[in-house]
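Paired with chain B in one complex and with chain C in the other, chain A is shared by the two complexes that follow.
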Partner chain A sequence: MLAPTVIIVMLITFTLGYYGPIDPVRAVLGEEWEDELRYAEVKKALGLDRPFVIQFLDYMGTMFGGNWGQSLSAFGGVASDRAVSEGRGAGFTGTSTSVREMVLGRLAISAQLSFWALVFLTVFAILLGVLAAVKQNTTIDYAIVTSSIIASSIPAYVIGPVLLIIFVLKIPVFKTVGGWDGMFSRQAILPAIVLATGPMLVIVRQTRAGIVEVLGKDFVRTARAKGLPERLVVARHMLRTAMIPVLTSLGLVTSGLLTGSLFVEQIFNIPGIGKLAIQTLMSGDHPVFMGVVLFQALIIVTVNLLTDLLYGGLDPRVTYD
Partner chain B sequence: MTADASAQHDMFSMPEQRSLWQDALEQLMRNRLAIFGVFVAFLLVFVSIFGPWLSPYDYTQQNLFRINEGPSADHWLGTDGLGRDMLTRILHGARTAFLVGLIVTIGTTVLGVVLGAAGAFLGGWVDALVMRLADITMAFPDILLAAFISVVFREKVLEFQLHLQEQYGWTISEGNRVYLDYLVIFGSLTLVQWYGKARLVRGQILSLREKEFIEAERALGASNWTIILSHLVPNSLGPLIVSITVGFGGAMLSEASLSFLGVGIQPPGASWGEMISDNLGQWRFNPHLVVMPGVVLAIVVLGFNFLGDGLNDALNPEQRRR
Partner chain C sequence: MGMDSSTQPETPHTTGSQADRMPLLQIQELHTQFETKQGTVRAVDGLSLDLYEGEVLGLVGESGCGKTMTALSIMGLLPGNGRAVAGAINFEGKNLLQCSGEEMKKIRGGKIAMVFQEPMTALTPTMTIGRQISEAMEIHLALSREEARERALELLEHVGIPSPRARFDNYIHQFSGGMRQRVMIAIAFSCEPRLLLADEPTTALDVTVQAQILDLIKQLAQEAGMTALFITHDMGIVAGSCDRVAVMYAGRMVEVGPVDDVLLNPRHPYTQGLLGSVPSLESKPGDRLYSISGLPPDLVSLPTGCKFWPRCPLADERCKEEEPLLEQYGNSRAACWKVMPLREVLGE
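Right, the complex of A and B next:
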C-alpha cells in the first residue's frame, strides 16, 4: 500500500506545482524574465520545455533515486538572492541547494523540538491522565479533562503569543525568544511547551481511559491485597497494562508533531521543516516545497502502517489477513 | 409504523417511553460546558449576521492618526497598526469564520455522505476507489495541502474572473475581492476535510447492516428504502451530527490557520487568523492586538468542541464516558 500511495501523492503535488501560479523561470529571473533569450535558456536549464509526462517521470526518478532535485536557488538569479536573505538552505544558515539536504537539515531542528514536546507529553500528560483516573468523577478529574480540552483546542498561534506575553513581558523568565540556538538552549523551552499542548488531550484521555478500565480488575485487587502501597499498584500494575494504547498513539502523536510544528516554528521563528515549507510555498520554490510535502506524507504513511503493525504485535486479539 | 410502535409498547410495557432525541436533549441541558457551546454558537450566528450594524466603523476604514491604541471609549478594543477599529474587524472576522464553517461543513457533509454511502452500498471497485481516495488525502499533511491548493487555485480563480470580465463584462469590484478568497478557501478546505465523514458514514452503514434488527426487518420483507429511511439514517445520524459540530469548529480553525500563514483571507479582508499574523510583530509593544483576536478564536473553537463533546455524550449513549 505504501508505494502506490506515495506515487499518487507525488503525482498530486507535482500536478499542483506544474499548474501552480508561480512560473519557476520568473521566480529565478525576477525582472529579467522579459528577456526572451534568457527566459528560454533558464527554461531549458530547469527542464521545463519538456512535456508534462516526461517531467513527471523524471521527477519520480530523482525522488526514488534518493537525490531529490535542486532548489530553484541553485539556478542563481532572484530565487537565490531571496533564499539567502531568508536564511534558507540546509540546517541553519547553510547555503546548500540540494532539496534533500535542505529538507533533512531542517527536519533535524523540527525533530529536536518535537523530542522535547514528546518529553513534556510523556511526563505531564501521562501523569495528569493517571491522576484523573485515580480521582475518577471528582472535581480534580473534571478539571484535568476540561483543561486538557482547552489546551488542545486552542491553536499554537494563540497559545504561543499569549505565553510570550506572560513569560517575557509580565514575568520576565525568558529574555531572548525566537530563533533556534540548539536543542539545549533556553529558547527551546517555550516552543516545545506550545507544541506539546496540541496532542495533550489525546494522551490524557487515553491514559485515563486505560487506567479506569483496569481499576476494578482482579490483578489490581491482588496487588492491593498483598499490601503493596497504592503508588506502586498504580505504577507497576495499572500503568503497565494501560500503557499499550498510549504507546501506540504516541507514534501517531510523533508524526503529528513533526508535520504540525509549522505554526510554532512560524511564531518562534525556528528554521524547522514547517517554516521551510511556508517560505518555499510563498516564494514559489516548488521543488523544495514538494520535497517537504512528500517527505511529510512519507512520515505519515509509515507511522500509520507501523502503528497498525505495532498494535497487532502488542494486542494478540488483532489479526491481519 | 404506528401499529408496530404500539405493539412494541405493549410487549415490553415500558413505564415511560422517551425517544433518543428527548433523552439526548435532556443530557445536553445537564452539561454546562455544552450549554456554553450552544451559547457561543448562537452568539456567532448573531454577530455574523448583524455584526456590521453593531459598530459605527467600517472594517477597512483607516485612521492613521490613531494607530495601535489601547481600548478606549471610541474604540472599545483599540485600533490596529493602520488605525482600524479592532472590534469592528473582530466582528467581521466572525462573519468570515461562520461563512467558512457553514459552507465547508455543508460541502464536506454532502461529499462525505454521498461518497461514504456509495462505497458502503455499491461495494466493489466504487468502495475501493473511495477508500483509496480517503487514504491518499489522509497521507498529506492537511494544512500544507490546503495551503498548496489555495495558492494554486487563487490564481486560477482570478484568471477566470478576468476572463468573465472580458467576455461578458461581469466585474467584481476591488472591494469584493474577498469573495474570491472565500471561494478558494471553501474549495481547498472541502477537498482536504471530506474524508472523515465519508469513513464515518461508510463504517456506520457497514456495521449497522450486519445488526440483528436489520436482519429481522429484512426477514419481515421490508424494502431497501424502508430499511434505509427508518433504520440506517436515524441510527447513523447521531455520530454524524457530532462529526458535523466538531467539523464546523475545525473548518473555522483551518480558515484561521490558512489566513495566519498568509494563504487564506488576504488583507484588507478580516479574518481572526489574518489579524493575529498581521499584528504578531506587535506582541511586545501592543500585546492586546494579538491577544484579542486570539482569545475570540479560542473561545469559539472551544465552544464548538465542548458542544461536540456534549452531543457525543448525549447522542451516543453506548459510549457515555462518565
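Right, the complex of A and C next:
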C-alpha cells in the first residue's frame, strides 16, 4: 500500500514541477537570469539539463536514499533565501538547507498545532455530539447542530482575524498576534481553536448520528433494564459502538489538520509545514516543495493505517491476521 | 378513565390456593399507547392482571397483541413515544407508573429483571460479557468491582457456561445464541430480583437449545423463589413451565386461569383457536392444522364490541356491539358472550 502510493505521488509532483511554470534556475539566479551563459551553467549544476526520466530516477534515488536533497537556497538562491529567513523570523530556528531537516522541523510545529486541534475536537465536538443525540430534537440539539454549522461554514481566514481582533485588540487576553513559541505557550490556543472549527461539524454530526443510531438498539435497552444511570448507559454501552464511524472521520480530519493548516499558519504566522509549502511554492524552491508534498502524502497514508489499527481497539470484532 | 378509577380486580373470587396469597405485582386497567401519524395505537388497552408471589404466569397471544408492551410498561422502558397513559402497576406498595426516574432505576435490574428475546442483539458487542454481568451488581448490591467479578464468575458457572474464568473477558461475538441467552439470564438473576419478566426467551434459539434454556430459567427461578412472567406464543412452553396462563388479544385479556384448566378446557374461541393451531399426538400426516382466519385488528381503529368478533366463527350481533367482560367459569375466567362447550365448532 505504502510504496506504490508514495511512488505515484512522487511521479505526479515531479512531473508537475518539471512542466510547471516556475523555473528553478530563474529562482536561483534572480535578476541575473538573462545571462545565458550563467543560466546554462546553473541549469547544469542543478542537473536540469538531463532528460526527464533520468532526472526522475535520480530524484527517486535521493528520496529513498534518505537524503532528500537540498533547498535551492543552498545554491545561493535569492528568492529562497527570503523564504528561509521569513521562517526563521517567526520562530523557526533551522538554518539548514537540507530538505529533510526543513520539512521535519516545520512538521514538528504543525503536528503540535494539529494535536491541540485534535484534542479540542475529540473533547468538545464528541461531547457536543453526544449531548445533541441524547437531547435529540430538543432546543439543545438544534442549538448545538446550528452553531457547529455556523462554526464550520466560516472559513479559517475569516474566523482567524476575527478572533485576533477580539482577543488581542479588544480584550487583550493574548499579547502577541502570531508566531510560535512551543506547544504549551498561550499563543497555541487561538490557532488550534481556529484549526478545529473547520472539521467541527463533521465530528459533531458523526457523533450525533452514531449515538442516535445506537439509542434504539436492543443492547441499550438491556443496559437500561439493569437500572444503570443514563451516564453509564451512554459511556459504557453506546459510546464505543457509536465511535466507530467517528474514528473514520477523525482519521481523515487528522490528515487534513496536518496537511491543510495552510491558512491558519499563514494568518497566525506559524512556521509550520503549510507555511513552508506556500513559501516554497511562491519562491520556486522545488526540492523543498516536493519534499513537503511527498511528506504530506506519507502522513495521509500513515494516518489511514493508524485508523485501521485503532478500529481493533474500539471494536472487539475486528481482528488482524 | 382516571388513573385509579374503574379498576377491575382480576381475581375477586379466586378459587383454591391463590385466594390467600397477596399479588406481588398488580396491573390495573393498564393503557399503553403510541402516537403515530395514523392515530393512537392502543398497544395495551385496559389490561388487568395479578401476579402472585412465587408463581409462573404465562402471557400468550399472537405477535402484536401487547405482550411485550405490557412487560416494557412494567419496566418503564417503552420505546419511542410509547406511554402508559392510564391505569396502575402496583409493586411492593408503589405504583410503578408514578415512580420517579431514580426510583425506577433502583427497581429495574434490582427488583424486577427482564430477559429479552433476541440474544443476538440484546447484549453490548463492545463490552466483555463479564463486565455486563457484574456492572449491575456494583450498583444494586453495592459490591466492589472485585466482589462483583467473583459473583459474576459464580453466576456464569451456575448458568452453565464452561470455564467461566476464561470466558469472563470474552465478547458476545465469541458466543453462540444459546450461550448468549445464558449470559442474559445471568444478568437477569445477578441482583436476585423478586420478579422476572422473560420476553420470549427461547424464540430466537435452536429447538434443541430452547428446552435447556427453559429448564435453566425454571430451575433458577425455583431456587430463588422468584415470581416470573413468561411471555410466549408457544403453548408447549405454557404447558411445561407455567402455573397460570393469561391469553391476550388486541391489548386486553380474553382468558386467564390455571394452565390445566385453560389448556384442557379453553372457553374463549381465541384460546381455542390458538390451541387448535398446535399439532397434537393424535394428528395424522396430512391433517390440516386449524388456523384462526383473518388478521389481528388494526390497533389504531379497534372494532366495536368484542375485539375478536371479525375473526370469530361464533360472532353474532351482540358480540359486535357489546364488549364482554371477564366472567368466572370454573377455575378460569374468560371474556366472551359465547362461552359454552365449543369443541364442536372446531370440528372435533
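As a working rule, the second predicted complex is superposed on the first by the 281 of 321 C-alpha atoms of A that agree within 3 Å, B and C clash if a C-alpha of one lies under 4 Å from a C-alpha of the other, contacts with A are read in each partner's own complex, and residues count from 1 in each chain.
In this text, a residue touches a chain if its C-beta (ideal position, glycine included) is under 8 Å from a C-beta of that chain, and two chains touch if they have at least 3 such contacts.
Predicted, not measured: the structure shown is a model, and the values here were computed from it.
Novice: Looking at the overlay on chain A, is there a clash between chain B and chain C, or do the two fit?
Specialist: Fit - chain B and chain C, as placed by superposing on chain A, sit side by side.
Novice: In the overlay, answer first, second, both or neither for which of chain B and chain C A:Pro161 touches.
Specialist: First partner only.
Novice: According to the stated criteria, A:Val9 is in contact with first (chain B), second (chain C), both, or neither; which is it?
Specialist: First partner only.
Novice: Which partner chains sit in contact with A:Asn67 here, chain B, chain C, both or neither? Use first/second/both/neither.
Specialist: A:Asn67 contacts neither chain B nor chain C.
Novice: For A:Lys217, select first, second, both or neither according to whether it touches chain B, chain C, the two together, or no partner.
Specialist: The answer is second: A:Lys217 touches chain C but not chain B.
Novice: Vertex at chain A, arms to chain B and chain C: angle between C-alpha centres to the nearest 10°?
Specialist: Once the two structures are overlaid, it is 80 degrees.
Novice: Pick one for A:Arg240: touches chain B only (first), chain C only (second), both, or neither.
Specialist: After superposition on chain A, A:Arg240 lies in contact with chain C alone.
Novice: Considering only the touch criterion stated at the top, classify A:Leu228 as touching first (chain B), second (chain C), both, or neither.
Specialist: In the superposed model, A:Leu228 contacts chain C only, not chain B.
Novice: Is the number of chain A residues in contact higher for chain B or for chain C?
Specialist: Looking at chain B versus chain C, the one contacting more residues of chain A is B.
Novice: After overlaying the two complexes, what is the shortest C-alpha distance between chain B and chain C, in Å?
Specialist: It comes out at 14 Å between the closest C-alpha atoms.
Novice: Pick out the shared contact residues on chain A: the ones touching chain B in one complex and chain C in the other.
Specialist: In chain A, no position sits in both the chain B and chain C interfaces.
Novice: Residues of chain A touching chain B in their complex?
Specialist: Counting only chain A, the residues touching chain B are 1, 5-6, 8-9, 12-13, 16, 19-21, 137, 146, 149-150, 153-155, 157-158, 161-162, 164-165, 168-169, 259-260, 262-263, 266-267, 277-278, 281-282, 289, 292-293, 296-297, 300-301, 304.
Novice: Using the touch rule from the top, collect the residues of chain C that touch chain A in their complex.
Specialist: Contacts found on chain C: 75, 77, 79, 104-110, 113-114, 116, 118, 121-127, 131, 135-136, 139-140, 171, 173, 184, 187.
Novice: For chain B, which residues count as touching chain A in their complex?
Specialist: Residues in contact with chain A: 33, 135-136, 138-141, 143-145, 147-149, 151-152, 154-156, 249, 253, 256-257, 260-263, 273, 276-277, 280, 283-284, 287, 290-291, 294-295, 297-298, 301-302, 305-306, 309, 322.
Novice: List the residues on chain A that touch chain C in their complex, please.
Specialist: Going through chain A, the ones touching chain C are 216-229, 232, 236-237, 240-241, 314-317.
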